[in-house]
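Scroll down for the structure; my scribbles are underneath it.
Per-chain numbering from 1; labels A, B and C assigned in written order.
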């Protein structure tokens, strides 16, 4: 069976500082993987390399056996063309910490924009799909609201609908609850849990330990640009093998 | 276009041009000084004045700001002598620019004073300062820092607006240039030269404004 | 001070003032339309990583902003023909005003572009939009809504700047007012009426723009 995601020896530098020092990661279809670790450990950067929001200097990322972002021509590694990268970004969908909804478009239009401009669907088709997903995240009634008229939790749910409506193979979640008021966190996590139950493949960077414990079938602990430990959350959280993880879990809150 | 004849002419008229430049500078200086003094009063009245005074000042600033500066200059020049106030073109022009300047400074000051959070006044009251003390030690210093860079740029606006006085016959830099052109027919190089002089003066003011902005920013 | 107001002569010429006002508005509208195109191109150039685009764009903005507009008007009309660029009065003035406003609008648009959160571009990339699609569907519309207030005040000050067309005898409002002033000697009345026309137009324009702003405002 081909892997959904295969990351090999991923290296990423900002100038002289190396933030990813050789990361490997595999995911099969239907996997829900949570990435935990302290800030600056490189977990968000890894996520952003997968859809080429960040360039990376070494290693390969493959989705369904297709190499992402770079190709090797005559022994030279070079960035793929912008159009090709734009097409590859459709293999994944992403939800951001800051939602990044388009402020000048209604909730519905936020979701239909990509369907119309990228997938070239008709307005009516796009609308049908968008309404279905807005209903899934419980916001069909708010479809004509602008982002500024929605709460943070509602905005994040629209942002998730926007990403999923593009029908990606793999969903990337980048600390999607970190910018939310505590009382709004659960509605967003619930949406993600529902998606997990439906068999959506997801890679989730999060600080919510209880959520990771409940939803993930595998957890990756990142530490200083490397994978410190990975495995089943039920084992990892109870009996961490490394000092680092034990230390990290001690300072994290399980709510 | 030959450069030689132009440089030759430029050498001949150097003192006339300098005199024009000096008049431009003095018009701008007078306008900014008088206008700012007047503007501070306008700004204070707009912020703290009793309601009728505030309305009056609002009317004044809105009317001045809604009128083109050229119309102010022409009106000042033609109108004041008609109603018996004998001003020469220079005085009428400076008056118009000062009035123009005062409305801008007034607005600026009002904006800056009102941008100071209410909590500042309350905190000043709580430690027992009177309104005057609060204004002098708390509000004014903050407002001035806020206003100073923009105020410096108003000086550049005045230099630019001073060209309008050429239309009522004040022999500042632009009118001097036009007179030279009407004699030499070298419109291209002389307009270009005048433009360059204005640019140098204004660019200097702009840089100074940036410098002031850096210096007055409250560290945070 | 034996001056008694008598508006009869001005009312008789009122249609000429109105025609002048119409021309003023036309000049401002055409100029800002062209100026917006220039400003947009220059704003993107100012944000470009390539110095080959950024430096000339920066030079253009700095030079225009520091040169008095009257000098630009006279230069375009009187000096450029010597280089073979011959435009009639109105076109020459529109060209000047467009180039002049382009520099100010470039700054406005640049600030607007900076204010668009970079996350929006990333979100666009993540759903597979190309850079060009992001620019047209996201960056531009968000930026335009951000800059609308600045855009409307630029337009209003541009409308006032059309008074400078009087200097090259374009029959707009200021030129007509000055003619009526000279013909009728009803000096005070003429300038009061002319100023009021400017102020009223500015007020109406500002109200119109505010309505558009409210229509298009991004709700927060």
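Quick notes
Keep in mind that, in the parts below, a residue touches a chain if its C-beta (ideal position, glycine included) is under 8 Å from a C-beta of that chain, and two chains touch if they have at least 3 such contacts.
Just so it is clear, the structure is predicted and the values come from calculations on it, not from any experiment.
Note on connectivity: the fewest steps through touching chains from chain A to chain B is 2. Counting contacting C-beta pairs between every two chains, the top pair is B-C.
The chain with its C-alpha centre at the largest distance from the centre of chain C is A. Nearest to the common centre of all protein CA atoms is the CA centroid of chain C.
Separating the CA-averaged centres of chain A and chain B is a span of 55 Å. Between chain B and chain C, the centres computed from C-alpha atoms are 20 Å apart. Separating the CA-averaged centres of chain A and chain C is a span of 46 Å. Chain contact summary for the complex, chain A toward chain C: residues 51-53, 82-83, 86-87, 89-90, 92-94, 96, 98, 100-104, 113-114, 117-118, 146-149, 159, 162-163, 166. Chain B makes touch with chain C in their complex at residues 1, 62-63, 65-71, 74-75, 78-79, 82-84, 156, 159-164, 166-167, 174, 178, 181, 187-188, 191-192, 194-195, 198-199, 202-203, 206. Those residues of chain C whose C-beta lies close enough to touch chain A in the complex are 117, 119-120, 122-131, 133, 137-138, 141-142, 145, 218-220. Every residue of chain C that touches chain B in the complex is listed here, in rising order: 1, 3, 62-63, 65-72, 74-75, 78-80, 82-83, 160-164, 166-167, 174, 177-178, 181, 187-188, 191, 194-195, 198-200, 202-203.
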